[in-house]
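Presented below is the structure to which this report refers.
As written, the chains take the letters A, B and C, and residue 1 is the first residue of each chain.
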Amino acid sequence: MSVPTSALSTRLSAGAFVQRVGGFSKVLREHRMLLLGLVVLLVVILAATFGPSLLPYGPLKTDPESRLQPPSLAHPMGTDNFGRDVLVRVLYGARLDLRISFLVAFSALIAGTLVGAFSGYYGGIVDDVVMRITDVMQAFPSFVLAMAITAMLGNTIPNVVLAIAFSYSPFFIRLTRGEVLSARELGYAEAARCVGNPEWRVLYLHVLPNCLTPALVQATLCLGWAILNASGLAFLGLGVRPPTPEGGVLVGEGTQFIISGEWWISVFPGAMIVLMAFAFNLIGDSLRDITAQEER
Amino acid sequence: MTERDELLRIRDLTVTFPGRDGGVVILDKVTFDVSGKEIVGLVGESGSGKTMTSLAVMGFLPPSGRIQQGEIWFKGRNLLECSEAEMRKTRGREIAMIFQSTRSALNPLMRVGDQVARVYRIQRGLDAKEAQEKAVAALNRMGIPDAERRARAYPHQLSRGMCQRVLIGMMVACEPALLIADEPTTGLDVTIQAQIFELIKAVQQATGASILLITHDLGVVAETCERVVVMYAGQVMEMAAVEDLFARPRHPYTQRLLSSVLRVDKVIEMPAVDAGLTEDVAYSIAGCRFASRCPRVLPTCWEQTPLGVQIEADHWVTCHNCG
Amino acid sequence: MSIRQKQPLLRVVELVKEFHEGPLVLRAVNSISFEVYPGEAVGLVGESGCGKTTAVRSILRLTEPTSGHVYFGGTDLTTLSRGEMRAARRNLQMVFQDPDTSLNPRFTVRRTLAEPLKLHKLANGGTLDTRLLETMGRVNLDPEFLQRYPHQLSEGQRQRVGVARAIITEPQFVALDEPTSALDMSVRIHMIALLQRLQEELGMTYVFIAHDLSAVRALCNRVMVMYLGAIVESGPTDEIFDRPLHYYTRALLSAIPIPDPQVKRQRILLKDEPPSLYDVPKGCAFHERCADAQPRCRESRPELRDVGGGHLVACEGI
């Protein structure tokens, strides 16, 4: 009784703790994995953004003279079947993968959270319908679902984003719905009604902001999965197609050369995919640990 | 301290917790006694350290708590020097504790009758059948109607008042010399509270145990306790027999408290509006912690923690300026 | 605290609230009727399960009443649309029991207090700041606290923010749900003093839900005692506390410990525990635990009768 805290008032949302800069650097010092993940991510983003302009080659520039060169000073990651510089293509591929994964996570988060919040708050038939639809969606492995949707809609980047985001949205819907279900009866929700707020404001301005933490953590984890999904789809020939440089596309292009010994065409793109997914996973897992600790 | 038939003697108990500026001194040289066969009330507001004191006696301090100094003498042994194994033998059998949250103190997966019977088996070495009989008898003595049937109920099927009776029953089965009751009726309705206190008093009469009753309710103290220890911000402020404390409080904190506590039997005068006494309490290292709010504060109050001064037989005040 | 005017500010008529859990029906409020006049502070007391909080929440339509009418200044609140009810809330506010959960942890004090003013379009810009400072001053809170979050305040300070939020629209009626039960002993009297002063300053009318009868004695001019969803006794405070008539009221008052060992009590101990709300006994809801019960108590539910001086009792035996 001498320390007046309550689980609710000390629960920090991802947004709230980022606001406090002092707290942020303390968090980084205590969670090395988070720091590592952020550093790796930062390096990748910088490399992908500025790297290509430092290199003399374009990603689509073919050079039949220099086909299938192993890594050298001129081509640090070697060249592929068409004489294209692998490093440049890997960096462009990273750009695309990062863009796709942020778009996917963002859309799934927004759509899933809004739908889940509405469903959990108002309940009734809407909730039942939404739940049954998510049941059906979750009955399919998310990758298979994304495959099916991409195949249906056609192989373009927007369609890939849509397909993967769609396959992730059930997680966000369920997460947010659960949080809102328990939060809507809480004191401050009732106080908000009592003061004169219409229900939609109670939901979106009072309840939902307090329920976002699990969804935000899930979103950072989705960033990593999205890269794996997008490159997986591309590898299989769905979504992004050659010659557009993308992680999965590049790996796919190099598969036929592994046995003949030109390993660099597949391995470097593969390593980049792994590196990005790894960084996002470190960040996501650390955030989950941090927010779980806060909720005592 | 007068040498009486003392069961529990706490001397200069000082407990710190880690924190800014070297840590917080949660208990500051706490000193008081509990004699045999008496009910002593340990009264204080939030942050007074009353629960922490009882946890220290039982050996249940949180791991981050450090006992800087002090002794807790119980039947000739210093509990603070006992090993965990020795403490385990003492708990239950000699010192028992009941808490505020009755539901979480009982095992939700076990019938209440079995829980009471288990105490008889472990503490008194009875066999299963005897223990079961004793358990039902105990529940009956605790005022639980239809004890035979109720013994087969699970805790969630009983009301909170019933659960508290079950816990007291378990305590009685141990026949401890000292029972520590930490706010046993908080959250219970007033009529149920009255029943529980009648029960506690009856149990005390029947078993001759001593009770250390921790509470924030002065009414409960006045009606149930024989002696009172008043704590504030981790320091003992005053100790007296209950009639003396209420009739002639000497410590400024006690006086302030007694004059401002709300009563059912009469309307008391409203003070000029200002804050209460428990906001922004200074857990200062030196001096009396009531200094910042004391109407009779002296310069020495800020520097030196006052020692206990005996005003009369059995009335002690820790104050530099007790009038 | 009050010249009784002719027109009641609040008139509750046969209010009923039932909760349905599958086939089971829980009758939390069992047809209560009462009036509250402007300037009064009426205490609504009873133990857990008596329906006092549910009754008030139904009156404020925080939960919809099952049946009955609630007349506030002439308008029947139960007939208002959602939008009309929201507008009416400007004058019907509530201070909640637990300051820890009734304040949005992500809102600063400023945002929590400004919201009612903005919702009811009572102030903005410069006038908003003035109102905020004025209200903070009324509840003795340092204006510096406007920037703080709830977890940066003490329990007492949080409770006062709750009070501030309720009074900032200068409502005519404020329901107070056990505002002192979470507070320390030395703080309670200051909360009561504050509530008293605010009532005088702003001319508000209170309904004070309480477990803590000592707080009711200090603040209220009238008391209503509830048991199992019905009002069993009501009247002026001194009447009820000094000359209680209903057996339950007498038992309730005798159970409260008095902080004075000189006062000797004759405690009336009730048998058993209250019956379940799913299974309210027929006739007088209290007859099973009443030592003065008669055969007719089992038959019919007694009505509230005036026994003089505004003292009403629901008991055949009085």
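Just so we're on the same page, contacts are C-beta pairs under 8 Å (C-beta built on N, C-alpha and C of every residue); 3 or more make two chains touch, one makes a residue touch a chain.
The model shown is predicted, which means the values in this text are computed figures rather than measured ones.
Of all chains, B has its CA centroid at the greatest distance from the CA centroid of chain A. Of all chain pairs, the one linked by the most C-beta contacts is B-C.
Centre-to-centre, using mean CA coordinates, chain B is 32 Å away from chain C.
In terms of their C-alpha centroids, the spacing between chain A and chain C amounts to 50 Å. One simple way to say how far apart two chains are is to compare their mean CA positions; for chain A and chain B this gives 54 Å. Each of residues 4 in chain A touches at least two other chains. Shown for chain C are the residues in touch with two or more other chains, namely 154-155. Across the assembly, chain B contributes residues 46 that each touch 2 or more other chains. Remark: chain C residues 47-48, 140, 154-157, 180, 183-190, 192-194, 196-197, 211-215, 217-218, 241, 251-263, 265, 267, 269-270, 272-273 touch chain B in the complex. Considering their complex, residues 45-46, 145, 159, 161-162, 189-195, 197-198, 216-224, 242-243, 246-247, 256-258, 260-268, 270-280 of chain B touch chain C. Here chain C touches chain A in the complex through residues 60, 62, 82, 86-87, 89-90, 93-94, 96, 98, 100-106, 115-116, 119-120, 149-151, 154-155, 162, 165, going by the rule given at the top.
Looking at the complex, you find that chain A touches chain C at residues 4-6, 8-11, 13, 16, 186-188, 190-198, 206, 209-210.
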